[in-house]
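What follows is a pair of complexes built around chain A, which joins chain B in one and chain C in the other.
The block that comes next holds the complex of A and B.
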């Protein structure tokens, strides 16, 4: 102990004259730091209601709730996160995992109210004073709790692919499939978007957990064409996939294919349920495409006897005659069809139904389902279109399916921008032709799958967009000339998609050996009796059906491309399934 | 001068039953806590006093039990990092680091170098921040509340830095499996250096008025002595052990993070020439605060560039291979450890948290308190630097 020990402590007094550190709240505002994890903000326009925030919240503070003015369609669940600040711990895991990046936090942290209920609110919808406050915490650059990159799909090189019709896509290995399946957040946005409403999160989980049988069972609950759909489905599901908002969407289609590829046809029975006991009811299905066979499958599973009548020599419809083998090998399509046939569905090939036999079928069977697809190609509607060097897109694909060389020559022009146009172009390319696709609108407007367009470009196919057809004329050396007018896109005053408008003087001629016209096709229903006889109304070339596929005649149902507007395999499958359930309700007098 | 209770003077426990005859008028039972400013956190001390002298002390915990370890078994791996920080409020970062590092070790994840550096920086800042709060508590326990006001002010400036770096003041939730959550914001290092200067100035003032203080010396010198032979017997770690001359520091002994790249020595009571009483321990901790400041400066100097995070697999389905690991770190109070067992599923099978407060606040404190003055209980307890939430995870 020294004298210093007595005096030194008095040094504390020097601080009595210093300016206080204390902030005078609320007179002086003290904003949170730039990264402050304050009150939540949600950008309602970006949010898709996937609910991943709800899943990750370890305090169960988030509930997904419906919100006025938010529609649940087009990749939006219609729900929005509601946060309970009685449970929230502001860890911001929800912000980190948000698939779209809509959820952020403000830098505000003071909120007092005498009503305890207000602390449960819907950010972005229940107006709060921090809605326009500075953003505090948001997911840092490069920080991700989800895998945003898709596992690359092994495929043949472009050069290899062009040599033959061997399937281009090789399919995932087990390791790759599990890794890809791991990216799914199981939000289920895809399920609503899938025309067949497949349990996508369910079968992806089955892949992740290596439970292939469970995967098969889930696939067949809604889709009896997994091997085919796993290859050529238009995969609308992937367009809305929540992971796709900040990265690559999950390869849903390839995972479906992976499951189907793992099981040999003879083992399908081990994983899948057997048909129910026979009901004694008989149903006729006209058309053995995906719609007709799907209806047949589900009707058979419900215990009904089903006869499928097909005009062609083999089943599958457009899957066989419209899609080239390099996208969907016939053995894979046969696998799907064989399993349906093996359950006791009778498929009669080479049977043409006319109005007379249609009426007989109606009499002989308890119910009738027809799904005959679109077989009538649209005309270009220009002069010279009947030139012998102009071929139909479907006709070309048909010939190739039959094993014939379409003899298109060295240069080929394809008119159209749909999947048939792309398939025809790529098929022609495989026969060694230089191919050019001419389409009246922009590339982004093409109805074909983006992958098909990209792959076509990779294969060296030239795409000339904004080319309005004017006429077809003979050219020198037995060639054919396609005269077209360059277009500019003008906005539709009614708010529709931009329209092509010819640019004066910009007229060109494209000379080639063959022209393939693929501008779409329409229904062809010569077998359908008049409405007064059959009770089936036809409006704008389409049979009129309700949402369950039932026509004006309660015993007659229709589905597939002739009915729906999507005109793809999976929509036909959805229609077939819905119609099958509808037929069952009708026959068994079940309540809806 | 060791103040050990003269056990023979008092009746002792036999068979776990106390033999104080409270009817005799010689003894009085006093409860200090669970709500008491002299007890760090919520913990109760059951004192038997004779006059103003403590004859017996029993500690009661459980007031803060929230079942962290059990809760973690029901949450996915990623969902636990916001939880672990709550195990020790004044220095959550050690929990965050150990949980993240153990998870990474089990999952076989290598994190980027810059993330390792930022983690170390984060931990040293947490040490300094925690010591600031403790120093105020230690002085306050002996009636010198002014120092508490100074240190808590400085702690708040440290928390400002944490807020800027992590987005949170108390629970940082910044060190996550895979690295750290975000890179250092623009200009943050210079903010750190400015604050460190201010902290140093306050430390100078504190050392002047606290270590040259007749009252503090009178009360703290010779009180609560820990002898080297007690260290292993009671499982004492950290400054409590080092003040007695035992040179143990996990940062040196089992170097983790980047401590082997930093220039520092273990500070012991012998190296700075103090006794292992409360006064000595206070001086030792003040020296360790300066050491932390030096380490932070070294790290800011040498901080490498690069990414700060590697992405784990999709965290919703993240399964970690079966295995077990124990990782430890030198926190302000001693050895902080996480033992984690994975059964290969998406949730930990078992998480065991080893906090130094358990040995210090229960066994050691119960041993040291008898024989001391009742007015010194708070000071004695604070000098052991204990945080009850980590006793009862």
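The block that comes next holds the complex of A and C.
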């Protein structure tokens, strides 16, 4: 052993006092790159719980779970994604597909804990130190896994449309329909918002797969008016469509129409189920509108005998007498009605039910459903409104349905902002009139469908908002003058929607050949006996029913515009379906 | 700068070059028949200055029923990368081993065998697992490998996991009275 071998170990010790050769670099000094795909963040207010992140996750790392404090409402499922970091590979597909853009990633990547269960967490709700991190990954601008643009619907030009009452919307071709259906992510957020709770993702899938018969079957599970609803539905489903958050919502209504358009009435029977065996029970339905006929359809399918009593000469209610032909051609409405009739539903037209016959019906039938709609136009409540140049909106539409020229003259004023007002205005326009719509609030406050308002504007209809009606007076040359007061909108101290308040001195007169008043309709229930006799309570002009249409009298049910607040066709259809199931339960003594 | 025309002329004298294309001034691709690849690569290494093998990779051309193998070579002097590509039958994926060109090739070939299921007969240790110890499933980088199906069949979910379908959940919470519509 040499002397060197003995001192060498000690020589190493001197290194302890030297400057270190390695560079000290604590790990928390190494942030991820700016666009690093690290731990997840979720903006709970933007997230709608559509579950598309869960669907795309290739590692099945995401579960949709209810979260305390998240209520959920139309368009929000109330669920939020919970991510299992035992499975996640941070590929960011969930971020890329996120329909609302709520899900993002921070650039944080260090997280240590002794408990493996903490790595399953709900981003945005289980508080984490990276919740407010500014850097990290989010879907790059201009990049999307979703198809954000709607397939354009072929339609008549405005000029062509104004020439006649020919249907303006032409409908999708097979290729267009499949392309549009392909945009749907099948999240199912829309189903709750649809008053009839249709299986929307199901029938869109049927379109995508080219399975029209399956589509028809799914449509008729919840809605026996697909040809009509496919044209005029208020499509609240599209307002909550998850794809609509960052792009155009899926054209759900047009896809429904596409299915119904592909099948001739003669072939409906091939795709749709037959009624069940006869039960021997008889049900009377008053009113052959969408509510009444829907109830009739489902009752018939359950094997009951159904008689529908209708005061008018044809069925369809407001679909026929309220909606102009260019939006819903009568042959399409007839297709829906004829199929229901063909199943053995008896429809008796021109039958007026009064209190006496109502009581008889109650005696003669096992159950009664009434859905007679809103037929009583509200009055303007101003002086001079009984002027002979003032017409009711529904009356005008009614006359046109009957094939008569309403003879409105060259200039027409329409008072109101709902769908009846828009339809009356557009109808007058088709008879060549210059049309002006006067509404007491702002355009955004109009209860009419936004499409109707836009199309009215495209057709050259002038809209004067914030016009408070003062009086109607005669004008020169047999014309009529509508005196109105310009309003300013003031906030409602009670938190309601802003109210119009007249501006002093801003009083104008609109002179025209005819004035159409369309400020809404109310219930008219002259046939309904007193509560003491019928057991049906009426509160604020509405028959009181439970959520499935049953009145205080267990054998009497009601639905449609006279009971619900949405007052549209699809709500009446939902009511009719619910009431039919409820009646069946009542008659067959089924447990709820 | 590399004169691709001249390079191609030289290559054409010796091997069948299917295509040569320039992607950037410092990057080009050259496609050969499978049988020419070992010799072509050796020629490029020994006579054209592509002395360095950067990596070998594979593209699964499922629709064409082919695998495309890419040998990425580098000429340090000219600062130029050249990818030599070839296509092999996806149903019978066998490729000549090139471990004699560069010893490190054996490792890449081991990886390709594991990830794509391509056989390299004679390559040292090619059948040993590369990254996937005791892997029993199909080669995972093949495009027809169903990650989700494999994971569902092979692994079990963490206990206590439960998910909810949005539409069903909304039915229960938002319209229970009409849930049977």
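Criterion: the second predicted complex is superposed on the first by the 563 of 592 C-alpha atoms of A that agree within 3 Å, B and C clash if a C-alpha of one lies under 4 Å from a C-alpha of the other, contacts with A are read in each partner's own complex, and residues count from 1 in each chain.
What we mean here is this: a residue touches a chain if its C-beta (ideal position, glycine included) is under 8 Å from a C-beta of that chain, and two chains touch if they have at least 3 such contacts.
Note that the structure is a prediction, hence the values are computed from the model and not measured.
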item	value
Touching partner for A:50 - first (chain B), second (chain C), both, neither	second
Chain B versus chain C as contact partner of A:147, first or second or both or neither	first
First, second, both or neither for A:58, with chain B first and chain C second	both
Chain B versus chain C as contact partner of A:574, first or second or both or neither	second
Partner chain in contact with A:73 - chain B first, chain C second, else both or neither	second
Partner chain(s) touched by A:547 [first = chain B, second = chain C, both, neither]	second
Touching partner for A:338 - first (chain B), second (chain C), both, neither	neither
Chain B versus chain C as contact partner of A:35, first or second or both or neither	first
Residues of chain A at both interfaces, chain B in one complex, chain C in the other	58
Complex contacts: residues of chain A adjacent to chain C	49-51, 54, 58-60, 62-66, 72-74, 77-79, 84, 86-87, 120, 187-189, 191-192, 196-197, 201, 222, 546-548, 574, 577-578, 581
Sites on chain A touched by chain B in the complex	1-2, 4-6, 8-9, 11-12, 15, 21, 32-37, 52, 55-56, 58, 89-93, 96-97, 105, 136-137, 140-147, 182-186, 208
Chain C residues touching chain A - in the complex, by the definition given at the top	147-148, 151-152, 157-158, 161-171, 173-175, 177-178, 180-181
Touching residues (chain side chain B, partner chain A) in the complex	75-76, 78-83, 146-147, 150, 153, 156, 160, 163-168, 171, 173, 181-183, 185, 205, 208-209, 212-215, 217-218, 307, 309, 311-317
